[in-house]
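What follows is chain A paired twice: with chain B in the first complex and chain C in the second.
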Partner chain A sequence: MNLHSLFCPRSIAIVGASDTLFKWGAYIMSNILDGGFTGKVYPVSVSKSIVFGRETYKSVRDIEDKVDLVFITTPARTVMAVLEDCRDSGVTNVVMVTSGFSETGEDGSRMEKEVERFAIENGMYIVGPNTMGIVNTHCSLYATGSIVRPVPGGISIVAQSGNLGNQIMEWAEQEKIGIAKFVGSGNEGVLKVEDYLEYFMDDEDTSVVLMYIEGIDDGKRFMDVASRVTAKKPVIALKAGRTQSGSQAAQSHTGAMSGSHVIFESVMKQTGIVIARTPSELLSLSAAFDSFPVPADNRVGIITLGGGWGVVTADECEERDLSIPPLPDDVMEKLDKRLPPFWSKANPVDLVGQPDIVLFEESIEYMAASDSFDAIITLGMVGSKQFALRAAEAAMNLGNLSKAEYQKFKDNLDQYQMDFLDKIILITEKYGKPILPVSLAKTDYDEMVHQLKGSKYKLVIYGSPEEAVLCLQKMYHYSRYLAKRRN
Partner chain B sequence: MREIIMTAVERKQAALSEYESKRVVESAGVVVSGNRLATSRDEAVQMAATSGYPVALKGCSPALTHKTEMGMVKLKLKTPEGVAEAYDEITSKGVGLDGVIVQEWVEGDNREFVIGMTRDPQFGPCVMFGLGGIFTEALKDVSFRVAPLTEIDAMEMIDEIRTQKLLGEFRGSSPVDRKKLAEAIVGIGNLSSEYDEIAEIDINPLVIEKGNPVAVDALVILKK
Partner chain C sequence: MNLHSLFCPRSIAIVGASDTLFKWGAYIMSNILDGGFTGKVYPVSVSKSIVFGRETYKSVRDIEDKVDLVFITTPARTVMAVLEDCRDSGVTNVVMVTSGFSETGEDGSRMEKEVERFAIENGMYIVGPNTMGIVNTHCSLYATGSIVRPVPGGISIVAQSGNLGNQIMEWAEQEKIGIAKFVGSGNEGVLKVEDYLEYFMDDEDTSVVLMYIEGIDDGKRFMDVASRVTAKKPVIALKAGRTQSGSQAAQSHTGAMSGSHVIFESVMKQTGIVIARTPSELLSLSAAFDSFPVPADNRVGIITLGGGWGVVTADECEERDLSIPPLPDDVMEKLDKRLPPFWSKANPVDLVGQPDIVLFEESIEYMAASDSFDAIITLGMVGSKQFALRAAEAAMNLGNLSKAEYQKFKDNLDQYQMDFLDKIILITEKYGKPILPVSLAKTDYDEMVHQLKGSKYKLVIYGSPEEAVLCLQKMYHYSRYLAKRRN
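Let's look at the complex of A and B:
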């Protein structure tokens, strides 16, 4: 099943196009036009002759050019006629935004069956019905009902709830986490979550698949597709309905302990899907997998600006299947030459409150270069500028520092931090190991994802040790899953 | 095995008897404790002599679900007289039996596990492994995988339970042979994929004898 022309159309028609604000036909149309889609856009309307300054067509049949994708936003009772127009015009891809199908009851289910039959008979790919729409950032196609425009990147999303998908894209937009494609799968009358998953497997723009799942129709096919996709790229999923207890009457003890969610989680483990427990975790994990390499094994080196934080992080690691091996002799020697005599002499390496960028960079590189570690967590260098800034601010408030001097000081500190993060990306590249910086003080204007031009890796700056450790744990589990199946 | 299952289906049994259940899971690769069915007192005594003392006797019928509560289980019998007496007692309860199971006494080391199977409406047969014995449902330290499953899957199920320490060397007992455990789990998965007639399976307890898993009780429930 190739959904390429659905996600990368050269021409689009919108049936039910409108410029009456707060109508779906207006949301979709204005989002597509304003979002910068470079292909052709044809509004189709029986009631309006001009929409957003463009002349409309009465029917899809009237459009002379080839149309790659049709959005349908007109009421449910009209869709079969529109589908027939589409078929007659050679259209094979449809996004059916229209609601009023199986989600409303028996009549709706019957209509949805009719749509499905029609699609199968005529070889049509239909998203929805009752979908939020689709996005492909790499061709500036933003075609969802709510306007969210994350930057282009490697994460592709399939969500069985359009709202939740939108919320995740909104966070991604705010945090500049790159998104490749989005689809709200809606009622899945024709195309199912497995179809999108399978398409993302070979999609070159997709490096990570993010899924929000409420239920699936074909368990065996889902497992088959999922295990093939995870062998190629990570899939992160949130399955809703954790607390729903199994409703089937069981006669055995085994049956009494199963239940749909327990089984679904087992399926995710069996097929190598990374399990997220909340929507924010879903995005955070996807960003990690999209940004830096997975660890080969579970041995973590910790470098910290202060002792307490190192201990807390080490505890988190131990409780999450990660190990904190002792410092090997060669690293010990190298660090000993650079650090004051009272340094920790152990992993976690405590740099005893010295926010010295060069010292941090060197220590990180010694650790990353060592065969004893598979991943590095570094705490406190990033964000420490905040405290220097506050001291400068106090001095400025007291008249000891001019506003210009303060600004210059601030600009310098910001630049140092950027340079430091660039350096960490270079070390990540050089050794192919994940390095996770945790910020001492993350502010609203600080970026979450740091990029360096020309590098295939990015850094995610974590707000807390526990978030960094959680991401590392899930990456280790994925890496272990793959390693066991490669041998 | 096909014969046991098909006969039971034809007879509209809700479940297989313990004797039948054990034969079926044994065919799937699960080691079961000595499983012989006596239909007379003399036969029971003879079987006990063959297997060696001590033995356990259990009333056997597909309709029997609460054997212990009904006084149908006699444990650790050490003499022919004891066996004869137990046989008479079990058969005098007025319950129709297929016979009486004569089972060699397995000296487990207090560690008890469970292997089970249930069918999920979405994914089909799912195999369970975990902590067995009487606390199984209270502690719920179990893991599931969809059948058929690979040995790697089974190993990961074993690694997943919280009470990992019980699988290692424990209070002087040797570590559990994980490979044998995995083979049993894979076997139950294959059995369930092959026989649609089986609805659910409980192998509980699965005791550990010198590091090896041995099923001392099994229940195979058939589809309605």
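Let's look at the complex of A and C:
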């Protein structure tokens, strides 16, 4: 199923276009225009002659140009006529934002069946109805009802709750996690979650697929597609409705007969889908898979600036299938030469509060180079500048440091931190092992994803050890799945 | 044990005071001065005559005034002489920042024993050695090595990792969660975690106690104290070293023989301590207990602006001992009169994307008033303004809204949200039930804790449903513990 012209249209028509705030026709139109879409945009309206400064068309039929994609935002009772206009004008891609279909009861279900029949008979791809819209950051197409503008990247999202999927993009925007494509699958009258998944498999802009699922109609097809996709790229999914209360809520939300969660969970495991428990986890895991190499096995080396953080991280690792092997002799020796006499002499390696970046980098490289470790978690170095800055600020306030000296100090610290993060990416590349930095004191301007030009890897900077450990655990599981599959 | 003059001193001496950046004597001194402490501060230094613009004293003995509290930052080998000076000057409270004691090996342990003996013989209260310092926000005493300045509030912290405890305060500062007192207990040569816990029991500024623990020497005393404190106020604790890897790391960190975690966990449960799994949970749970009334039982009503969030929240509730009872007839009737015909007609109540604040408030009150629910979780209303604002911003960018109109719109939305939060506090007061708002789209300037003048309750605004559900679960457990204890 090739949805390329749906997600990468050169020309768009919006049926029901409006400039009255808080109408869907205005949300979609203003979002597309303001979002910087570079293709053509044709407003279609029977009541308004000008919308956002552009002359409208009375019908899709009136547009002289070829239209690759039509958004429909007019009421449910009007959509069949609009679809006929689309067919007659050779339009094959429709995003049906309109609600009032199967989610409202029997009448709506009948109308939705009609839409489905029409789409099949005429070879049309229809998103929705009752969809939040679509996004393709790589051609600046932001066409959702709620405006979100994440930066371009490798994560593609399909969500059976447009609202929830949109919110995940909003978090991604805040944290500068890169998104490729998004679709709120809505009622799935025509295109199903499996169709989008299959399309993302061969989409070159997509490196990771993120799914929010409440129910699947065709379990067999889902398994088949999922199993093919996971061989090529990671798929992270949250299946909601896993409890009785949740399943009842899902039924009343999307009408999803969520079936047995136990069965679905086993399907996800068999097909190598990475399972998330919460929407935040969905994004966090997707960002990890989009950034780090996966570890070959589960042996973790921990390096920390504060002993307590090492203890907490070791607990989290052991509770999440990861092991904390002892320090091998050669690493012990190398560290012993560099550290104060009373250092931990064990994994976790406690650098005893010495925020010395070179020492930190060296220690990380000693561990990454060792055959004893498959992954490294490092705590406290990133973010430690925050405390140094505060001390300098106090000295400045008390008259012991000039404003210029403070600024220079701050610039240096910022630069050290950037250099440190670059260095970590280089070590990651050199040894092909994930190195996860945990920053315990983030400033507003600190980035959550660090990139180094020319590198295929990125760094996600975690705000807590538990988040880093969860991501590492799931990467390990996926790596184990791929290894089994190869054998 | 009355530690009042230790935490609320009128005069402080700092032995080893310095103005050389990155020395402990400079950290502590500059933090105290810059933090706005209103009592007297005497720098003591043998090498410097002026520190931060103040004349120094050669010894504590030379200070004419009565000194309530002495910080020691000079090397380990000097501390006994300083302690003697303290005793001779009638000082009974010491914060021993100096490291190089039991954490470094046998020699250090011997010196620490000597300190302990001296303290007992002379009736001195000593924090540490090897402590991060103390904080008392209510008298603007910020005396930790790493500078953090949380706002005054009800949470008091004792941490066996000063670094970790300090970091929790840093998060609290960022999120404007109020802190009362903090102590990094360090090596606990003299004062133990139980002593601080006991002191916090009767401290009027403390409404919730937060503890990070790696090991307890006197289990019996700990049980006795904890059990008395939990009857008066909630105690939230993280016991680190719960796995083999974690326990080994703890031993190398604080030398804590963490013993069997199973036994300790059962001690915590028996004494009604609320158990946190991670440092972030520690703060989150403490803020919840400091803000909401605890629920009488476990029946939760959910109100959401997006169906998917209702499903996810219902799953979380059921997996965390909370129940989602059906809507009783009277609430169903009231809501049915107000909502569009295709609303969920069930708990979770899905307001079907209508961000109508009055409707939202009314729906919350219908549910809070019902005997069927002990707590309410509401999702999506707080934060929804974010999306309205973005739509208005796009319209402004496209020339369909003036800057003044946009600003007015924004001011109104901000005001609506504040009014909404005030109203939720009033409903909380009226029915004595916790109402937990989840905001899915926070702006930088949005507060995470909302207060209403004159109310004994506050609102924590959660960034995810799972965090709200976790807090509600633990509040329910504590409430059940108190009920059992009363019977």
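Keep this in mind: the second predicted complex is superposed on the first by the 472 of 487 C-alpha atoms of A that agree within 3 Å, B and C clash if a C-alpha of one lies under 4 Å from a C-alpha of the other, contacts with A are read in each partner's own complex, and residues count from 1 in each chain.
Keep in mind that, in the parts below, a contact is a pair of C-beta atoms (placed from the backbone, for glycine too) under 8 Å apart; a residue touches a chain by one contact, two chains touch by 3 or more.
Computed from a predicted model, the values in this text were never measured in an experiment.
In the superposed model, A:Leu398 makes contact with chain C only, not with chain B. Using the contact criterion defined above for the overlaid structures, shared-chain residue A:Ile72 touches neither chain B nor chain C, since it reaches no partner.
Legend: residue contacts after superposition of the two complexes on their common chain; A:Gly241 is shown touching chain C, with no touch to chain B. Set side by side, chain B and chain C differ in how many residues of chain A they touch, and the one touching more is C. Look at A:Gly308: by the touch rule set out above, it reaches chain C but stays clear of chain B. Shared-chain residue A:Ile425: touches no atom of chain B or chain C. Of the two partner chains, chain B is the only one touched by A:Lys220; chain C is not. After overlaying the two complexes on the shared chain, residue contacts for A:Arg390 are found with chain C alone; chain B is out of touch. Once the two complexes are overlaid on chain A, the chain A residues touched by chain B in the first and by chain C in the second are 248, 250, 252-254. Of all the residues in chain B, the ones that touch chain A in their complex are 114, 116-118, 120-124, 126, 128, 130, 136-137, 140, 142-146, 149, 152-153, 156, 160, 199-202, 204, 219, 221. Only residues 19, 21-22, 26-27, 30-31, 33-34, 52-53, 103-105, 146-148, 159-161, 163-164, 167, 170, 212, 214, 238, 240-246, 248-250, 252-254, 277-280, 305-312, 314-319, 323-324, 341-342, 344-346, 348, 350, 353, 380, 386-388, 390-395, 397-401, 440-441, 444, 464-466 of chain C touch chain A when the two sit together in their complex.
Chain A contributes residues 216, 219-220, 223, 248, 250-258, 260, 262-264, 266-267, 269-270, 484-485 to its touches with chain B in the complex.
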